[in-house]
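Labels run A, B, C and D following the written order; every chain starts at residue 1.
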Amino acid sequence: MAEERIVALLHGPDRAGIVARVSGWIFARGGNILHADQHRDREEGIFFQRVEWVPAGDIEEEMSLFQEMAKKDLGMIADVMRSSRRPKIAIMVSKFEHCFSDIVLRCRSGEINCDVSAVISNHENLRHLSEMFGLEYHYTPVTKENKGEAEKRQIEIIKKSGAELVIMARYMQILSESFLDNVGVPVINIHHSFLPAFAGAKPYHQAFERGVKIIGATAHYATKDLDEGPIISQAVDTVSHRDNVDDLMRKGRELERVVFANAVRWHIEGRILTYKNKTVIFN
Amino acid sequence: MAEERIVALLHGPDRAGIVARVSGWIFARGGNILHADQHRDREEGIFFQRVEWVPAGDIEEEMSLFQEMAKKDLGMIADVMRSSRRPKIAIMVSKFEHCFSDIVLRCRSGEINCDVSAVISNHENLRHLSEMFGLEYHYTPVTKENKGEAEKRQIEIIKKSGAELVIMARYMQILSESFLDNVGVPVINIHHSFLPAFAGAKPYHQAFERGVKIIGATAHYATKDLDEGPIISQAVDTVSHRDNVDDLMRKGRELERVVFANAVRWHIEGRILTYKNKTVIFN
Amino acid sequence: MAEERIVALLHGPDRAGIVARVSGWIFARGGNILHADQHRDREEGIFFQRVEWVPAGDIEEEMSLFQEMAKKDLGMIADVMRSSRRPKIAIMVSKFEHCFSDIVLRCRSGEINCDVSAVISNHENLRHLSEMFGLEYHYTPVTKENKGEAEKRQIEIIKKSGAELVIMARYMQILSESFLDNVGVPVINIHHSFLPAFAGAKPYHQAFERGVKIIGATAHYATKDLDEGPIISQAVDTVSHRDNVDDLMRKGRELERVVFANAVRWHIEGRILTYKNKTVIFN
Amino acid sequence: MAEERIVALLHGPDRAGIVARVSGWIFARGGNILHADQHRDREEGIFFQRVEWVPAGDIEEEMSLFQEMAKKDLGMIADVMRSSRRPKIAIMVSKFEHCFSDIVLRCRSGEINCDVSAVISNHENLRHLSEMFGLEYHYTPVTKENKGEAEKRQIEIIKKSGAELVIMARYMQILSESFLDNVGVPVINIHHSFLPAFAGAKPYHQAFERGVKIIGATAHYATKDLDEGPIISQAVDTVSHRDNVDDLMRKGRELERVVFANAVRWHIEGRILTYKNKTVIFN
């Protein structure tokens, strides 16, 4: 597993022979394909592929030549990365710690291959825990009046930290359209219901009121339409009349941890393509 | 298992000592409690209980005395039935057969303790299958113009058949408020999504469009507000970008069968109490 | 969906460039690949692929040329079939009806694309149901003394019926090594536990005794080592101290139906390759 | 939720009227029952109950009177505790951190109501993490030669720490019969398979070899028969031919965390009774 691999995510107009040409190109240059997975949306006429290979020659050269070939020969966009890359991420939190701790520990143990470069919060609650983990904690209080300013400050911190991904670990503020336009990197959010059910505030209370027999959690990319972004991962658990709102919250925390970790890991490993407000996930 | 048991479903205002009094009453009369389960909604101040026992004396007498005691001494409503009862049910269908066949076979094999006394459909598609099972098939075509008439005819068939429950096995017409007011027995419906997500028409198409990673099915009591009745059973399965609408439908059929069968069985076995548009299920 | 497609299942020694060559061959002849999925067991050095395409020219010719190319150029074994094929299957049953009915109805409705050409049983219990479904029922009683004779008779019935697959729908006799050697077609069995736990007789009783919190069912290819064949599909459900053996059986029936149907459908659709007593399932 | 409650776990010979007598006793003394759940093993003739109530008078007096009543009047053993109790636990670890971190964070956040009073390990690997959490780390290397000595030392640490429960968070040594006889408190272990499948060493490797489609994890009380103790909680996840042993381990870690946390929480909350190598869990 020590070999450096190239991971390429391709997408573009579907046409005959793409698989043959991609695999043929790699094969001809002596590369060894370890994984290849593709998907076609026939109605939309879009082709998607993830391919992972060990190149025979110089890795940087192979990466740029592949990207060029994809564009010129296939008319496709290729996102190409080294398997060993370890990007930085920024975590936004409020008061709940379960998703935050969970991601931090997975990064520490190497299960998710990234480094937490900043923790940003509108509260002081998680400062102690964050510092215990040796992370820099940025307190950016948010009020109705200062929201624009606060978000500017948050974006500055994110940019300065070098983060290539922002994750909202139960950050309880709605990010403005301006924030999302200017942050410059993808943002992953966790919503504590099986979307599209119970979008908006207090989903566990909504679920309790409706008397559902199943609750869920959803990790998705944040977009300007709240809780409407492309869904990455969902999980559910059964509940009954015996479960009160506190029980739903406790069961929900388990789900939130799992779908959030899935989403972050798949993003970091280059397994997600988005289109038409949906995701294709090569996992 | 041959002993005849009494099953009582109680509900009413919560107060101290109900469990002690119910169990004390049965114990004092020599009854042997086999199962007892209770639930309190503390916010609403309502108490619910299901108790199942073998009476020492005459079963009919015990049943009526219990009901009287519950009302007079506890101020509670008691629904009391014999464990051996085998009620009749009417099944409404359209073109899909999977829920229909499934329920019919479960009744035949004794897994659900009831008899199908009528099959009612707005199409002829399932006549052959229905007659193969030896069931009477009533074709009641429904159009915009004749809907009122057709529903009257359906209610007549249901009443004449002696059905104590109507189940909509993917019956693809919306039952009018008037039908529900006049049918005189509970109606269980199956909706092919995890409600409240994707209420209304074509839920699998909606789910596909939204790009969810989990689909579901929901069995609920039909009320005048479409897809808004008390939820009885829900089940889900995972899906991915590889699943098209046909795949969702195929996976969904498995879920529909299971939640529908659960709902019918629990209803027949006296395991469901409804309140505040929710269910308490003693299973 | 009306287009006839070719489905090819390939396996053989892994080497570089197989994907490129297979897809290149199809592409060069004007074929349109609809699905392609592959797997490599790196430790064993084996390559597996399932590819499904619409050929441009004559389908029979394409099929035989593909097989030839796979063998000569790639050194691989290719199992090639038309997507429209509707093979015959023989069902062996004893007294339980749930898996039997379930498969018959799925074949009837077209969910599984095959025809039941014979029902074979060591009991008379399911004759009525079988005849209700319009199927030929063969009663072949099995005793210690006549087992060899009975199995010979069963093999005759299977061969005469033209079945390309035998499925044991809770057939409660152990098939002898001689039967499996001579039947000439694959045999799928359902075992009512999550193998390898609770192999052998009365798995629900074993599960109850052990006090597990999860029960399961397993569909697998029958081999001479009882309950040791390649596993195709498994499913589980949760249980608690409240569930007695009857409850386990009831819950188990749901699982058995699902895993059995999965196994039969995947087999019929050419989605399963076996090696080293394991399965590769392209679904 | 601020009210102090009594939790009683009862078990003993089944006879008529126990529920009536227990609830009657509490009711007569002005207590308010919040939860009551019971179970009868009819074959064995054993009755089990968990009851939780707010006493009207002095809590210590009520606790001892209840215990007395249970023994004298009902011939039952009652384990009685205050809902607010926060016992100490000792954690045994080796090199894997996921279960360890998970439990520590759940205790910190109050999700599990206990304090970690000692961390004991046969390796130094988790010292840093443990100290980061502010916990005392005891390194007790274990070899074939010193095992008896090492276990004595471990028992000393446990006793000195005041732990009322020992949990093995992927502690990779087998505890001797002598250890279990002398430790004086219950021991909970996590095994990384769905027992009884794949008992013993390297269960993920065993699962991979067998080609199962489902993997699991099991939390159980440790007994002298390795992996044979009463099962408390089990969870499973699906796997396919695509998952190698590393994937199984990664998926398994999610399961291990969940079942281990369930087991510890239920134990601390007085929800578990054991008999006949099984558990009754009132959750």
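The definition used in the following text is that a contact is a pair of C-beta atoms (placed from the backbone, for glycine too) under 8 Å apart; a residue touches a chain by one contact, two chains touch by 3 or more.
Just so we're clear, the structure is a prediction, and the values are computed from it rather than from any experiment.
Mostly identical positions are employed by subunit A and subunit C in their mutual contact, as over half of the interface residue numbers are shared between these two copies. Relative to subunit B, the most remote chain by averaged C-alpha coordinates is A.
Two chain pairs, B-D and C-D, are compared here, and C-D has more C-beta pairs in contact (counted per touch definition above).
Averaging Cα coordinates per chain places subunit C and subunit D 41 Å apart. Chain contacts: subunit A has no residue touching two or more partner chains.
Residues 16-17, 19-20, 23-24, 26-27, 32-34, 36-38, 40 of subunit B are the ones touching subunit D in the complex.
Remark: subunit A residues 39, 194-198, 210-214, 216, 230-236, 240-242, 276-281 touch subunit B in the complex. Considering their complex, residues 97-98, 101, 105, 109, 111, 132-133, 250, 253-254, 258 of subunit D touch subunit A.
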